[in-house]
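Here's the structure, in structure tokens; my notes come after.
As written, the chain order gives the labels A, B, C and D, with residue 1 at the start of each chain.
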């Protein structure tokens, strides 16, 4: 019985991917807040932004298109791209970050010694460092998610695709229904701009969308092979 | 200085320094590999607010672990049963004499009832098995795979006071996972 | 040319062992002051460990700053010892003799100073054993040898061990001299153990000579590999302006440039402090300065390649970083300072024989080189991170915190501190090398002049 | 006991050396003319190959790859040889004395290189739209600057040759019977009489031209690599390439010097000057530069390979793994592995045949490496791209390419043989100077050489 589940698991190993439809993104930051709440991310006070040390596993990069006065604000939610050929992985001296079978770029906090080399080598700036010991106000302590490690100071952290939810959903061993498993950011997106799923499932929404004609991936010329695909209509009018 | 004193003092001091270093070294290394050696109080179970005897419940009464630790097969934690569950057997208003014959048992059970009248504070059991925050241990899959509780917790039925029997170092987990074909991906437990 | 002064063995022993057997006041004062600075730096490190790396000036995305700069700088300084002793020994340059020991020991101490840097810069410095030693038996997880950060400790520890051995092998005959002159004091038993029963038999000399030559030859690949590996920390990454193929030789030759300059500084100061006028002559620093001209020009060639090949590919991100380096304050000013102090001022000056033979001039020019070379490492490491990529709309800058500055200053004090301590117990100029050099002096009659001549060693 | 090896044979005098060298210099036997004829024939074959290429024109750049490779081979071996003379003179290495002139005489090949440069420049694509080191201010680049750079190197080389030859030319002028050759030599000696002032000028000029050559050579190699290699390969950002070429040049120069010494020992009877000492001394730097060359190559390889950028990975596939795998292996084995495993052994270094054999391998490897470097670059159709468009196949030589290769090398050897009958191949005055500074003394129980520090 054990061998059977193992072999079937190998055959059906999911490949978690995300598609972000930039044409739907309104830049509302709901995903950012949801991520903060789900993943025990320290509270970014104003000083953290002044020090340039705010921790956000997903952040909304805003940029402008067009010339004044005909200018449009555009938003690019940026999170760890879970690259299949990740530049951050081979440079870690202690295997604190590596690629697992599900195509996830995993960060092991208790293994991390904090050389920060991975952060240097990540072209997406998706990796963040804990400069201070995180502190929560007393009345927020019980709000911490028990399924997620509270990181100490001195380690790197980044988006995990809410691996605690993946673990919970796949615990039984049976296949996860498409759409049933959602990271916090996907779950909270009011415009459903973010889609998450198993790209090894040919019928999954994420598989369909990532081959949409509007698709592109960020900094593809670096050959990192990211697992996050963006969709954007190319504005022909400029 | 008198050279005879020096001649005696140097070996004595040297030997005692060596002894201390050797002891500390042995302690650190053995603690690293497994549990600390049972000196200085290591290796004993903590005293609990109510001297609950697993011997009576498991060996004598023959209760199954899951009779009390009900969520162990479905959830992360095995959970300590609520007071109500104790009283289900032992009687709600007074201590049922059939199940608690000895005097000590009566005394300990009295504490259960004594707490009932107060504002509902849970009993402050002392934790015996403690994993660091960065380890996410889930009981359910282990039970579902048919691993018996005693694999990690030892013969609880023979323990008057529950104590830790397995070191639960990471190597311990990883070895067992390896032997049983369970995943050894770091992110199985660390996330 | 080199062998004007003939010294008797007794005079060599007396003058070179003077500091070992007496403790002058200035020594106590300087060691005390340096120790104070080192102590302050240790307190700063303790404060940083207690509070977290938040007390540094590091921030997103500038993950490496003063510490790594200082690490590269000290690894660079450590390259002088082998350059002076191993290469010059193998090429039988006679003028090496008075400076080998000081250069080697500076290698060892600056490597130690360098080693502290990556250790304290780690986020959880108390866990670096995962990183540096392959000890992790209990988990079955080993360090990842694919990471340049694993190559680093391997190379540096190899270098540290081999250069310590190198120092020790060359020290044995001198230890025996101290042993024999320290009969009846505490020195006798200590130096008797340290000198390994040396009594100067031909067999022992032969073994010692062979060990020296073998270690010289074996240490050379290590020497080249250490700074190459340090350079690959940067070269193999994807950070714009770091991903440059020329980094390995560029770093190595830059290291030799700064290291040999540091040796010049050290020789001038040592000569002054210890009254070594009979041993360190104008000719010695003249030879060092000529070596420096060649090294600096080689370094300049590789620097030029780095610059030109980064610019002419005209990749956007490279241009952004180089623009920051060259034209934006304060980086542009630092760049100007770096280039002027490490090349433009010293090298043309060294072309003049009068500068090369002046201790004052050489002291200041060699100090300038090291100011410049420290800035060079800073300018290589930090601007690339400040302008790492287009996806951060955060174009701030990096500013070191007082804690970082204190720790860096601490390492600057640590090396002279250790050198002074070392000089209290061991002679900084190898007695036997100088004596051997005296033996190889000869004269040749050319026409009607007598010209100093050298016995060829092989 | 006195070891026989420590007995040094009596040193010859300056007069003996002059007499001996001039006697060999004077003779123009049948064997000499035989060699000249053979080499001229081969050189003419090379010109034939060149003419074949010329008829095809310059539109198809790829056919000129082998021509450039041959030119670069000459730069990397023959034209790098004066570096040995200049470098050793600056370092005041005494063992340089018998072998400097051989290396200086080779600077005559600079003339051939300048001639070969012109068609190579004609084959270069226009600067517009492609990455090049000339930025937006070409001022006649790349042609003018390349010609200036190469011409400068050739001129400095010839100047170095001429200046250092003056005392020997004067000696030949005074000792040779009158003939056309003697008149040429007489003219070339520029009235040298060995006046003190003349000697001072000679010393300063030799230092000056030596230093200039040491600076000009890296510049020329940089020009070659930048314009004929890096500028043509899309996406290549290999800053170390010029430095690697310089190192390769010195390696090739040492190898060529050793080969020439060996040939002159066997065929010319110069055993006395090219003693095992010279091979021994030269093979240490030969080993060092073989290691350096590998180190420089490895520095760029690991940067590309570890970075895993698609553009750079494609270039590795093109230059190392797929298209030019064969040439790569040949040059790696001959330029690095063979020297490493042989020359680390003292018995091999302390012989004439050992270094000579290794050197021949290095020369073959160098040629193959030049082919890999330049033929690959010239076979790219569109250099304006930012990354390789697919991985082009490797290019084998055609008959004309082989002819150009043979002709070019034969031409260089021919030039050397011709100039060696104007300028003696042993620098008599330098050997004599060395002899005067050397004395044999008894030191402890052995004989040693004592060398005076002359300045």
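Brief remarks follow.
Criterion: a residue touches a chain if its C-beta (ideal position, glycine included) is under 8 Å from a C-beta of that chain, and two chains touch if they have at least 3 such contacts.
Remember, predicted model here, so these are calculated numbers, not experimental data.
The chain pair with the larger count of C-beta pairs in contact, out of A-D and A-B, is A-B.
Every chain gets a centre from its CA atoms, and the centre nearest the mean of all protein CA atoms is that of C.
Between the CA-based centres of chain A and chain D the separation comes to 57 Å, rounded to the whole angstrom. The geometric centre of chain A is 38 Å away from that of chain B, both derived from CA atoms. Centre-to-centre spacing of chain B and chain D amounts to 78 Å, using the average Cα coordinate of each chain. Of all residues in chain A, those that touch two or more other chains are 87, 90, 95, 111, 222. For chain C, residues touching at least two other chains, in rising order: 236-238.
Residue positions of chain B touching 2 or more other chains: none.
Contact residues on chain A toward chain C in their complex (touch as defined above): 51-54, 61-63, 78, 87, 90-95, 111-117, 119-121, 123-125, 128-133, 152-156, 218-219, 222.
Against chain A, in their complex, chain D makes its touches with residues 306, 308-311, 313. Residue ranges on chain B touching chain A, taken from their complex, read 76, 132-136, 138, 140-141, 145, 180-181, 185-188, 190-191. Residues of chain C that touch chain D in their complex: 1-2, 221, 224, 228, 232, 235-238, 243-249, 301-302, 305-306, 308-315, 442-444, 446, 451-456.
The touching residues of chain C, when paired with chain A in their complex, are 51-54, 56, 58-61, 63-64, 118, 121-125, 127-128, 130-131, 141-144, 146-150, 233, 236-239, 385, 388-389, 391-394, 396.
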